[in-house]
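Chain nomenclature is as follows: A, B, C, D and E, assigned in order of appearance, with residue numbering initiated at 1 for each chain independently.
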Amino acid sequence: MEYALLQAVFLPLLLSPLAYIIGRKVGHTAATWFTFGLLLYCTILIITASIGGTYEEHYPWTELFGEFGFMLDGLAAPFAIMIYVLCTILALYSKPYMLHKFHEFFKEQAPKPVYQSDGTVLESVSLEKFVNRQSGVYYALFLVFSMGMLGTVLATNLIEFYIFFEVMLIPAFLLIGFWGDHPRRRVALMFFFWTHVGAVILLLGLLAIGLNVGSFDFADINETDIPPGILLAAAVAIIIGLGVKLAAFGFHIWLPYAHGSAPTPISALLSPAMIGIGAYALFRLIVEFLPQTYADLSIWISIWGVATMFYGGAMALMQDDIKRVFAYSSISQMGYLLFGIGSMSTLGLAGAEMMYISHALGKGLLFMTAGVLIVHVGARHLSKLGGLAGKMPITAVCAFIGALTIMGVPPTSGFMGEWMLFYGVLETALEEGDDLRTLLFALGLVATVLTMSYILWMFKRVFLGKIPENLSKVKDGSWYMLAPMMVLAGFTIVVGIYPDIFLQKIMPYMQGVLGG
Amino acid sequence: MVDALFLGIAVLTIVSAIAALEMRSLIYGGLALMGTLGGIAGFFILLDSPFVALFQIAVYVGSIAVLILFVIMLVKSELIFQKKEDPKRRYAGIALMLILMICLGAVIFNSGLSSITTEEPPVDYKEIGEDFLIYYWPALIAMALVLAGSITGALILARRQDAVEDEQRTD
Amino acid sequence: MIELTSTPIIILAILGGVGVALPVISIAMKERGTVASYGIVTLIALFASIGYVLYQLALDHVAPAAIFSQDVLADDAFGSLFAIAMLIVAIFTTVGSFSYMKNKANPSVYFSLILLSTIGMVLVAYATDLVMLFVAWELMSIPTYILVGFLKKDPISNEAAIKYFLFGALASAIIIYGISLAYGITGSTNIGEVIQGFMVLDANLIPIGLLAVGMFIAGFGFKMGLVPFHMWLPDAYEGAPPTIAALLAAGTKKAGFAAALRVIVMGAVALSLDWTLALGIIAVMTMTVGNIAAIMQKNLARMLAYSSIGHAGYILIGLSIAPFSTIGIQGSLFHILNHAVMKGAAFIAVAGIVTALAVTHIEKIKGLGRRMPITALGLVISLLALAGVPPLNGFWSKLMLFASAIDAGTVVWWGPWLAVAGVLNSALSLAYYGWIIRKMYFEGETEKRIKEPRAIIAVMIFSIIFMVTIGVYPEPIIQFTEFATPAINVAFTP
Amino acid sequence: MATEIIATEGDAMFAWLIWILPFVAALIIPAVAKVSKLSTGRVAIGFAAMSAISAAMLFPMALEGHEIHSQVDWISAIGLKAGVLADPLSIIMANVVGWISFLIICYSTGYMKGDKDIVRFWFWMMFFIGSMQLIVLSDNLLQLFFGWEGVGLASYALIAFWYRDKAKHHVGKEGRTVLGIMEYYSPTHSGMKAFIMTKVGDVMMLAGMFLIFAFAGTFGFKELLADTAWAVNMSAEGLLVPAVVLLFGGAIGKSAQFPLNEWLLEAMTGPTAVSALIHAATMVKAGVFLVARLGPLVFALGAAGILVDQFFEIIAWVGAFTALLLATQAMVNPEIKKVLAYSTGSQIGYMMMALGIAGLSEQFVDGYTAGFYHMISHAMFKASLFMAAGSLLHVVGSRFMTDMGGLRKKMRKTYAFMWAAGLGLMGAPFITTGFWSKDAIFAAVYESGNEWALPIFIIAVLTAAITAFYTTRMMGLVFFGKESKHIEKMESEGHHIHDAPRSMWIPYGILAVLTIGIGVIGFSAEGGIHELFTEYLDESFGIQTPHIDVEISGSLGFLSGLNPIAVGASLVAFAVGFGLGYIFYIGRWVDPVKFINSNIFFYALHKVILNRWYLNAMIYWGFVIAPLWAARAIWRYFEKTAIDTGMNTGLERSVRFGAKVVQGTQTGVAQSYLFVFGAGLLFVVLILLI
Amino acid sequence: MSNELIDFVIVSVALLAIGIYGLSVKRNFIRMLFAVEIVINAANLNLVAFARFLPHSGGQTFALFSIAIAAAEVAVGLALIIVAYRMYKNIDVADFRSLKG
C-alpha cells in the first residue's frame, strides 16, 4: 500500500497525455476504457487505503510552507471515495454524451475543406479523426480534473490544499469552454473568474492561519492554539471564499451558468463533487481548526444555509431549462450542507457529510438524466418535454431514485443525511435553549417541502403527463449511459439502508472534532 | 552672504534657461542654452572646481550644443520656429513648475542645509584622478561601454541607407 | 580593490568584450555576417556568463544576502540572483531574435546592444556605489533606447523610442539629483556609507533624506513602471520590437527593483520613518491601474505591458512591508525571478506570433491554439503563471508576497489590506488573461497549423519546463531567495 | 396469561418475514417480468399470501399476550438498532393489513388485467404493503419512519399510476373552479399533491421524533417506556406535549385529518385497487396505527403524573371535526369514489376521536379498543366498498354516479355485496361490525366523563346520521331509479352491462360477508379484543383498568355491557340518516335538486359543502399560488436583475468603465506623460514628508 | 567661501523645476532635449556644490561621469530626432500619438 494515495492522485495527471495519445491514435472507445480503467484502479486504491483507520503519506516539500502529504481520515475518506466513484463511472457515461457533442460540433465548426485554386481538395478532416482528437483532449482534461478534486480532499497542508483547489478549476474551465453549451465561452470565463475570486479570498484566510501558527501543515495547526488576533477575520475570509465555491446565497450567480452550460458529464462532476468540496474545506478549516471561532460563527452559517436552501429552491421552481433546475437545486442542497455545518453537533456535522454523499449520488443521477435527455430527446426545456417515463423507463427509474435522494426520502441516502443533519440542529437548539436555532430548524424542515415540490414538479414535467407528439419516437439511452446511472441508483439505496458504510468512518472523526 | 558675482551668474543661468525654452527661434534657444550651460560652468568655478568647469565647457558648449545646432540646421526651417502651445497645458506646466519650486525649495530651505557653510580648502584635483583609477574603475569601464554603445547605436540609427530593407508590421 | 575574478567583473569582461567586438567584426566582414552567427556568439557569451555566475555560487565564492562593500561592486547572492534572472532574459531575447531579426538590418549592433544592456542590468544589481549604480543604470538604459527604436522604418517604433527616451532622460536626471542630495547629506556615494550616514542623520536633515528617497522612487520607479511614473511603459512596450519588449519588461524592469531594493528600501529603512505606507499606496495604485487598464486592451503586447505594470505593484508589496515581515523581500525576489521568466516567455511568444503572422491584435490571434500550438501553449502557461494559478511558479511568489502582507498585519494595520488588494487584482487579472486564452483556444476553430519558428519553440519549451518545475517544487528557489535576501530586518528595524 | 418477551428463532423470523417478503416480491417482480409478464401477478399473490400467513402464524401468540422483540445492528456508528416488535397490537394490525391486502391483490389481477404497466403496478403495490407492514412491526420511530415515507412514496407512485394523464383518469369535473382554483385533477398532479401534503405531516413527525430523541437518546418504543426520565425532563421544559403533538402531526398527514385532509380526495385518480389499499389497509391506517402505538405510551406517562391531557384533547377534537367535515362533503359529491374517500376520512376521524377520548377517560382501554376495533371493521367494509365501486367503474366507465343508476338488476352480486358493506358503513344495528364498533366509540365517548364528552358525542352522532344518509344516497343513485343516459348509450352501442369477473367479485364478496358475519358476533368479538388489550396495556404499559363486575345472566345478558344511550343514539342516527336517504334517493319521493334550490339557506349550505368548505381553494391560494408568485417575483426582480445583471453584467460594466477612465489618461501625448511624472514626483515627496 | 550652500541648491531647484516645466509643455523635440539638459545640469550643480561644502572629491567625479553620460544620451536623442524627422518630416512630439489608450 505504499504510495497508494500518491498514485491515486498523480497517476491520472501523469497518464493524461497518454489518454490524449490513445484517443488520437486509437480512438475514442479505447480512450474511454483507458480512462475508466485508470480511474477504477485509483478508486480501488483509495477504497483499500480507507479501510482501517486513518491512512497518511508524507513527502518532503518546501521548508517555508511545510510538507506535501495525503491523508485519508474519517472526514476525507467519504469525500475521496465519492469523488473518484463519480469520476470513474462518469468516464464511461461521457462516451455517448461527448460523442453526441463532438458530432454536433463537427457539423458546426469542422474545418471546411481547403480548396486549391484549381478546385481540388487540398485538405479536409474526417469526422472520425475529428472525434478521436477531441475525445483525446477531453479525457486528458477529465483525468486532470479528477486529480484536482481528489488532491483537494486529501491534502494535509494549507498551501497544498489551495493548489489543488485551484488546479481543478483549470481543466473545468477548459472543459466548459471547449464543449459547453451556448454561451460557453462567456460562461467558462465567468466560472473561472468567480471561483478564482473565491479561492483567492480563501487564500487570504489560509495565509492568516498558517502565518499565525507558523506552519501550514494540518497536523501542526490542529495541535496549536491559534492566537485570537486576526482569527475572526481569517475565518470570515475562509467562509466567504468557500461560500463562493459552495455557491451559497449571494455568491451563487456563477453556478447556474456553469452547470447549465458545462457538458453534462462535467456538470455531473461540478455539482455533486466539486462544489461540495467547499463543505469539506469548511469542516477541515473552520470546524476542525478553529473550533472557537466556529462556535461563534456557527449560527450565522446556519442562517446563511437556510437562506440558501430557500432561495435555491424557490429559483429552481422558476426554471425551464432542466439543467438550470438542477443547478439551482444544487445551490439549495449546498444550503443544507451549510445548515448542517452550522449545527455544532456531532450528528449534525455527520449528517452534513452524509448529505454531501447523498447529494453526490442524487444530483449525479439527475444530471446524468439530463444528459440522456439531451442526447436522446434533443431537448432540455421542461416545457418541451413530458411523458417520457414510458419511452425511457430505466432512465425514469434512475431519475426517480435520484429525485428521492435529493428529496431525502428513505430508503435513499438522502434521508440518512437529512435526518441526522436536522436532528443535529435541533439538538444544539435544545442544548443552548436558543430560539433562533429552533426557528431555523423549523424553517429548514419547511425547506424540505419546498425541495420536494420543485423536484416532483420537475419530474412530472419531464417524465409524466402527456407526451409531446414530436417525442413519440424517443428511445432509452445506451448502456454506456444507463449502467453508470444504475450503479449510482443502487449505491444510493445501499447507503440509505445501511449508512454504516460511511458513518463508521465519519462519526469517530466528528466526535473527535467536537469533543476536542 | 550672496555676492554679486554669484547673483549675476544665477540670473544669467536661470534667465537663459527660460529663454532657451521660450525663445521663438530654436537657434536662439540653442544659443541661450549655451548660456545656461556656461553659467553652470561659472558656478563650478565659483565652487573652486575648475576641472569640472572646463570639462563642462568642453563637452557641453564645445560639442553637445554644437551638435544640437547642427541638427537644428538639418531640419526644415519652419520646424525651427515654435508652434503654438496648448494654453491649458502651458498654465498647468507653469503651475507645476511653481509648486515644485516652492515645495522643494521650502523643504530644502527649512532643513539643516541652510546653515551649512564651509571655510575648508577645496579638494585637490589629484584626488579626482585617484578616485577614477582606484575606486571608480569598473564604473569607468562601464561608462566607456555606454559611450561605445551610444555612439554605435546613434550611428546605426542616423545612417541613411541600410543593407536590407526593414519590414514593417502589417497591423 | 575589488577582485578581478569576482562575478561582476568577469561578466563585464565577457559581455563587454563581445559586445564591443561584434560591431567591429561586422564592419570587418563588410556586414555580411548572418543573424544566426552573431546570435550564436552572443548566446555563447551569455551562457558563459550565466555559467560563471552559477560556478561562483556553487563554489560558495559569493557572499550571502546583500552586502555593502568598500568597492563599487559587491559579489553577493543578491546580485547573483538578479544576474541569473537578467541573463535568462537576455538569452530569451537573443534566442527569440534569431527568427525575429531575420531579414532585418544591422544584427551585429542589435546583439551588441543587447549585450551591453545586459551588462548594465547585471551591474545595477551588483552595484554598491551610487555612481556605479548610475553608470550601470545608463549602460542598461541607453542601448534600450536605441533597441526600442531599432525598426527605423516603423513609425511606432520610433515614437515608442522617443517617449521612452524622454522619460528615461528625465528619470536619469532625477536620479542624479537624488544621488546628489543623498551624497550631500552623507558625504559619500558608497551605498553602505550613505545608509550609515542616514542612520545618524541630523533631525533637521531628514527631510532632505526623504527628498532623496522620493527622487529615487520616481527615478527607479520609472523603470519599474510604478504609477504614476508608468505612462511611457505601455506605449514603449507596444511600439518596441517584441523581443525588446521582453528585455524591457523582464530585464530592465527588474533592474529597477534591484536598484530600489538596494537604495530605496535600505535608505528608507535607515531613515526609519513612516515611508512604508507610501510604498504601499503606490503598490496598490500600481496594481490596480495596471490591471484595470489591461482589461480592455486590443493589442497583445500592450495588454502584457499593462499586466507588467500590475506585477510591479505586486512586487512592491514585498518592498513596502520589508521591515515587518521576513518573507516580504524573499517574495519580491522570487517574484522578480519568476516574472522575468513569465513575462519574458510571454513577450517572446508575441515575438513568435509577430514573426509568423505579423499580428499582435487580439482579435487576430483567434485559433492560435491550432495554428501555433506550442507557442500558444507557452503563452497560456505563462499567462496562467502570471495570474498566479497553481501549480505554476507565479503562484508561489504571489503566495509569498500576500503571505508577507498578512504577516505584517500584526505590526501595521494596512498590511492585510495590501494582500486583499493584491488578491482581488490577481483575480481581476484573470479576466484578461482568460480573454486571451479564450481567443486562442475557443475561437477560430477552422484555423490550420502553420510552421512555428524553431527558436521560439526552444524558448517556449524551456520556459514551460521552468514554470511548471518551479511550480511543483519551488523549494530550491525559495532557499535561494532566502539566501539572497538582504538582512535588513536584523540590521535596521527600529 | 403472562406477557413475556419470547424470541424463539422461528417466531422472530415470521415477524421479520411479514414485512420483508413484500419487499422481496417488489424486487423480484421486475426480474420476473423479463421472463413472463403474466406471472408477475402470481408472484405478487404468492408473496402477499406468504406475508399474510406469516402474520397469521403469530396470531396465536398474540392471543396469549406474548410479544416478540428482535433486534439487529443497523447504524452502529450512532448506536441505532433495527428491530421488529410484534406485540398484540402490531400482530392484529399485521393480520388485518396482510389479509386485506392479499384480497386486494387478488382483486387487482382482474382489475388491472391487460394494463401494459402492470409490472410497475405490482412493484408499487408490494412496496406499499411492505412499507405498511414495516410501520406496523417497527420497534423504533426511525425505522417506522422508513415505512412511513415508503407508504407516502408508494402512494405517490400509485396515485399517479396512470401518468399519461388521460381525461378518464382525472377526478373532478372539468372546468369547475372554486375561488379560481380548478377542481379537476390529473393523476400526476394528485400524486404530487398527496406526496407533498403528507410530507408536511412527515416533517412535523420528524420534528417530534427528534425532540424525543434529543431527550431520550433512543427511538425505540421499548426503551422509551423502560425509562421515563426523559419525559420528566421534557415535561419540565414544556416540550413533551409539543413533541407528541408533532408526532401526531405525522398521523394527521397520513390519515388525512383536518387540516391536511385535502389530498385524500384527489388520490382517487389511482386505480381503484390502489384506493382500496390506501383506504382500507395501508396509508390512512398508518396514522391511526401510529396513534394507537403512541397513545398508551403517552397515557402511561400521564399515569405517571405528567400532564399530557392536551395531546389527547387535540387528537379527539381533530378527529371529531374531521369526521363531521368530511361526512358533510360526502353528502353532495357526485363521484362514487370520492364519496367513499370522504367517508374514509370521516371514519378515520371517528377512530382518532376514540383514541383521543381514551386518553381523557378513566378507562383508557375502552376508547382504545373502540378505536382499534372500528379500524378493523372499517378496513373490511371500506375495502369491500372500494373494490365494488371499482368494478362499477370498470363496467360503467364513468366515475360519476349520475352516469349510473338502475344497476341493481344488471349487477346483482355487486348490488348485494355493496349493501352488505354499505350497511356496515352506515352502522346498521346489531348485524354489522360497523354498528358494534361505532357503538363502542359512542359509549367510550359518552362514558369518558371528560368535560368535552358531550359536544364530541353530539358531533359523533350527527356524523353517524350523515354517514347513513350519504351511504343510502350512494346506493340509491347507483342502483335505483332509472338508468342514466350514459348507460343507455352504452347499451345502445352494444356493451352488455353485467357483473365483474370472478377474480374481482370474490374478494369484495368475502369482505362483505365478513362484515355481516363478524357483525353478528360483533359484540363478543369486541369483548375479546377489549380483554386482550386490557391485558396488553396492563402488562406493557402498566395501565391498570379498574375491573367492573358485570353480572352476565340470561339470553340478553350480552347486551348488558352496552350503554343504552349510546345504543339509542346509534339507532336514531341510523334511522334518521337511512330514512332521509330513502326518501330522496331510493324511494325518490322528493327531488333533491328542487329541495336544495327551494331555500337560500339550503342552497348556500350545499354550495359551501360542495366547494369543500373552500378549504382546498384556500390551501392552494396560500401554499401554492402565493409562494409561486413570490418565487416568480424574486426571480424577476431580484435574481435576474440585482444578482445576475448586478453581479455579472454590473461588475463587467464597472470594470469596463474603470478601464475606460484609466485608458483615457493614457493620451499618447508625451508631454502629458511627463507632466504626470513631475506631478508624481511631487506626490511621492509629499506623501513621504507627511 | 562667501556663498552658502543653500544658494546653489536653490538655483539648482529652480533649474530642475524649469526643466520639468519645459518637458511637460514644449512640443518640439529639440527643445525638450534642452529641458533635459537643464535638469541634468541642475543636478550637476548640486553635486559640485555639495562636493565643495563637504569637502569631498566624489561629487566632482560624479559630475564628470554625469556630464559624459549626458553627452551619450544627447547623441542617442539626436539620432532619434533624425530618424523621426526622416519619417515624418516633423519633430513635434505632440503629434506622435499613435500609441495610446
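Here is the rule we use: contacts are C-beta pairs under 8 Å (C-beta built on N, C-alpha and C of every residue); 3 or more make two chains touch, one makes a residue touch a chain.
Just so you know, these numbers come straight off a predicted model, no measurement behind them.
Chemist: Counting hops between chains that touch, how far apart are subunit A and subunit C?
Modeler: Steps on the shortest route: 1.
Chemist: What chains, if any, are shared contacts of subunit A and subunit E?
Modeler: Neighbours common to subunit A and subunit E are C, D.
Chemist: Find the two chains joined by the most C-beta pairs in contact, please.
Modeler: Per-pair contact counts point to B-E as the maximum.
Chemist: Taking the mean of all protein CA atoms as the centre, name the chain whose own CA mean is closest to it.
Modeler: Central by C-alpha mean position: chain A.
Chemist: For subunit D, which other chain has the most distant CA centre?
Modeler: Greatest centre separation from subunit D goes to chain B.
Chemist: Take the average of all CA coordinates in subunit D, do the same for subunit E, and state the distance between these two points in whole angstrom.
Modeler: 97
Chemist: Quick one: report the Å distance separating subunit A from subunit B, using the average Cα coordinate of each chain.
Modeler: The computed centroid separation for subunit A versus subunit B comes out at 68 Å.
Chemist: From the mean C-alpha coordinate of subunit B to that of subunit C, what's the distance rounded to whole Å?
Modeler: Taking the average C-alpha coordinate of subunit B and of subunit C, the gap between them is 29 Å.
Chemist: Using CA atom averages as chain centres, what separation in Å is found between subunit C and subunit D?
Modeler: About 78 Å, centre to centre.
Chemist: Which subunit E residues reach two or more other chains?
Modeler: 5, 16, 19-20, 23-27, 32-33, 44, 49, 51, 53-54, 56, 58, 61, 65, 69, 72-73, 76, 79-80, 83, 86, 93-94, 96-101
Chemist: Would you mind listing the residues of subunit D that make contact with two or more other chains?
Modeler: 663, 666, 668, 670-672, 674-675, 677-679, 681, 685, 689, in rising order.
Chemist: Show the residues in subunit B shared as contacts by 2 or more other chains, in ascending order.
Modeler: 89, 92-93, 96, 100, 104, 107-108, 113, 136, 139, 143, 146, 149-150, 153-154, 157
Chemist: Pairwise, which chains touch?
Modeler: All chain pairs meeting the touch criterion are A-C, A-D, B-C, B-D, B-E, C-D, C-E, D-E.
Chemist: What part of subunit A is in contact with subunit D in the complex they form?
Modeler: Within the complex, subunit A contacts subunit D at residues 190, 252-253, 311, 314-315, 317-318, 347, 350, 387, 389-390, 404, 409-411, 415-416, 419-420, 422-423, 426-427, 430, 441-442, 445-446, 448-450, 452-453, 456-457, 460, 463-467, 498-500, 503-504, 506-508.
Chemist: Mind listing the subunit B positions that touch subunit E in their complex?
Modeler: Residue list for subunit B touching subunit E: 1-3, 6, 10, 13-14, 17-18, 20-21, 26, 29-30, 33, 36-37, 40, 43-44, 46-49, 51-52, 55-56, 59-60, 63-64, 67-68, 71-72, 74-76, 79, 82-83, 85-86, 89-90, 92-94, 96-98, 100-101, 104-105, 108-109, 113-114, 116-124, 127-128, 130-132, 136, 139, 143, 146-147, 149-151, 153-155, 157-158, 160.
Chemist: Taking the complex as given, what residues does subunit C use to touch subunit A?
Modeler: It is residues 327, 384, 389-391, 395, 399-400, 402-403, 406-407, 409-410, 416, 419-420, 423-424, 426-427, 430-431, 434-435, 438, 441-443, 445-446, 448, 473-475, 478-479, 482 of subunit C that touch subunit A.
Chemist: So in the complex, the part of subunit D that touches subunit A is made up of which residues?
Modeler: My answer: residues 74-78, 117, 142, 145-146, 149-150, 152-153, 156, 160, 163-165, 186, 188-189, 192, 195-196, 199-200, 203-204, 206-207, 210-211, 213-215, 239, 627-628, 630-632, 634-635, 639, 643-644, 647-648.
Chemist: Going by the contact rule set out above, which residues of subunit E touch subunit D in the complex?
Modeler: Listed in rising order, the residues are 20, 23-27, 32, 93-94, 96-101.
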